[in-house]
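Two complexes come next, and they have one chain in common, chain A, joined by chain B in the first and chain C in the second.
For the complex of A and B:
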């Protein structure tokens, strides 16, 4: 029986899946010494993953929501929306390889874009998934 | 007396757990014999030394992970009458914590929401006398 929660394995699986898009994926967005530099953009960061208990009497499980952030700079939302679309293509109703766990489903719940005060854009999407041990 | 986690209850067929579950419920119904007549002034009176029928019901629900119950329910060539069924109460007492008897699968349902896992529910009722030991 699996005894380790899938937090680390899930983060690795999300990283692997998001890396297929072809832009940098981070745990935390990088901070450049030159704050005006666009060198780090666009990029994706894997944000908070809320793990809820989804056990039954004999099997452990998790019902999770993972936030995927997109950061970009420019004059419009279009580049980030395109990246969010690519994330959707990779994750929504896709599968994750989570070591020691079996993914049951993965669905996008919402997405949003806001403009930050420094002129950059921040997009966030929430993906809900179910994992059972095995 | 002590509380017990519900997940420790188990239903078995021939000593093997049939399924894992989100909820496993057991109940018993004793239907009395009504002997009310005109002399009771409209107050229901029941026979004190016998009852009309007694039956245990079990209903199980959970996330679908195994086809055992589905196959019993939907395969017309498979009997719905299950012998050697035991229900082990969650508190695992030294005595009177296990019901044993024969049960009939009277209903099974699988739900397939597009945005969630497949889940199931199943109902069984007892047939004949059971024991508690």
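For the complex of A and C:
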């Protein structure tokens, strides 16, 4: 029986899946000491993963939403949208290898893009998943 | 008033007039949205201007078959989304709405029953005052 929540294993599974896209994946994009970004663009970061209990009488489970961020620079939204498409093809209805857990659902819920004041772009996608022990 | 289960809630709905059901249902849905607003407000960053006080619940029009209410941020705190997604000056993804929604989902039946109990209690009190 699994004794801990799958937070670390889930982050590792997301990292492994997103790394297949071929651009850098971070937990938090690296920063310079003055607070500016030192990340190589474009890049992906795994953001907040919010977990809710999804137990039944005999088995533990988690219902989670994971945010995946995309950061890029350039003159248009197009490069980031293309990366969000690649994330979609990897994660939506895809499968994660979460140590000690079975994934039984992974679905895109939303995507959004915002232009930031430093001229870069920030894309956010939310993916919802269900995990059960096993 | 404490409602202990969905069966009790259904029985109360069955026994009262349709007009009361609709009023109670609307008040219950608004009560759920208010609870979510309070929770999101508690989780929102302290130091960010008007944000905490700007997260509010409001009645929505709905339809004949749908009762609706929303939890939203008023225009004075338009910057909420930058803080929610980590685009603010602190670059921190506060995710206060995401965390609130995920905290509510597994507990939604209890939240519904609490909100329904409150709505019923207020309605009965009002009827009692009107009859007095």
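Everything that follows uses one rule, which is that the second predicted complex is superposed on the first by the 126 of 134 C-alpha atoms of A that agree within 3 Å, B and C clash if a C-alpha of one lies under 4 Å from a C-alpha of the other, contacts with A are read in each partner's own complex, and residues count from 1 in each chain.
Everything below uses one rule, namely that a contact is a pair of C-beta atoms (placed from the backbone, for glycine too) under 8 Å apart; a residue touches a chain by one contact, two chains touch by 3 or more.
Treat the numbers as computed from the prediction; the structure is a model and nothing was measured.
**Student:** Contact-wise, after the overlay, does A:130 reach chain B, chain C, both or neither (first, second, both, neither)?
**Tutor:** First partner only, chain B.
**Student:** With both complexes overlaid on chain A, does A:114 touch chain B (first), chain C (second), both or neither?
**Tutor:** A:114 sits against chain C, while chain B stays out of touch.
**Student:** First (chain B), second (chain C), both or neither: which does A:67 touch?
**Tutor:** Only chain C is touched by A:67; chain B is not.
**Student:** Looking only at chain A, is it chain B or chain C that touches more of its residues?
**Tutor:** Comparing touch counts on chain A for chain B and chain C gives C.
**Student:** Identify the partner contact of A:32: answer first if only chain B is touched, second if only chain C is, both if each is, neither if none is.
**Tutor:** neither
**Student:** Of the partners chain B and chain C, which touch A:52 in the superposed model: first, second, both, neither?
**Tutor:** Only chain C; A:52 stays clear of chain B.
**Student:** Touch check for A:78: first (chain B), second (chain C), both, or neither?
**Tutor:** neither
**Student:** Between chain B and chain C, whom does A:104 touch in the aligned arrangement: first, second, both, or neither?
**Tutor:** First partner only.
**Student:** Intersection of chain A residues contacting chain B with those contacting chain C?
**Tutor:** Shared contact residues on chain A (touching chain B in one complex, chain C in the other): 54.
**Student:** Can you list the residues on chain C that touch chain A in the complex?
**Tutor:** Where chain C meets chain A, its residues are 81-82, 85-87, 91, 93, 95, 98-99, 101-103, 105-106.
**Student:** Within the complex, which stretch of chain A touches chain C?
**Tutor:** Residues of chain A touching chain C: 31, 35, 47-48, 50-54, 63-65, 67, 69, 112, 114, 116, 122, 124, 126.
**Student:** Which of the residues in chain B come into contact with chain A in the complex?
**Tutor:** Residue list for chain B touching chain A: 6-10, 17, 20-22, 24, 62-63, 65, 115-117.
**Student:** Under the stated contact criterion, what part of chain A meets chain B in this complex?
**Tutor:** 54-59, 61, 104-105, 107, 130, 132
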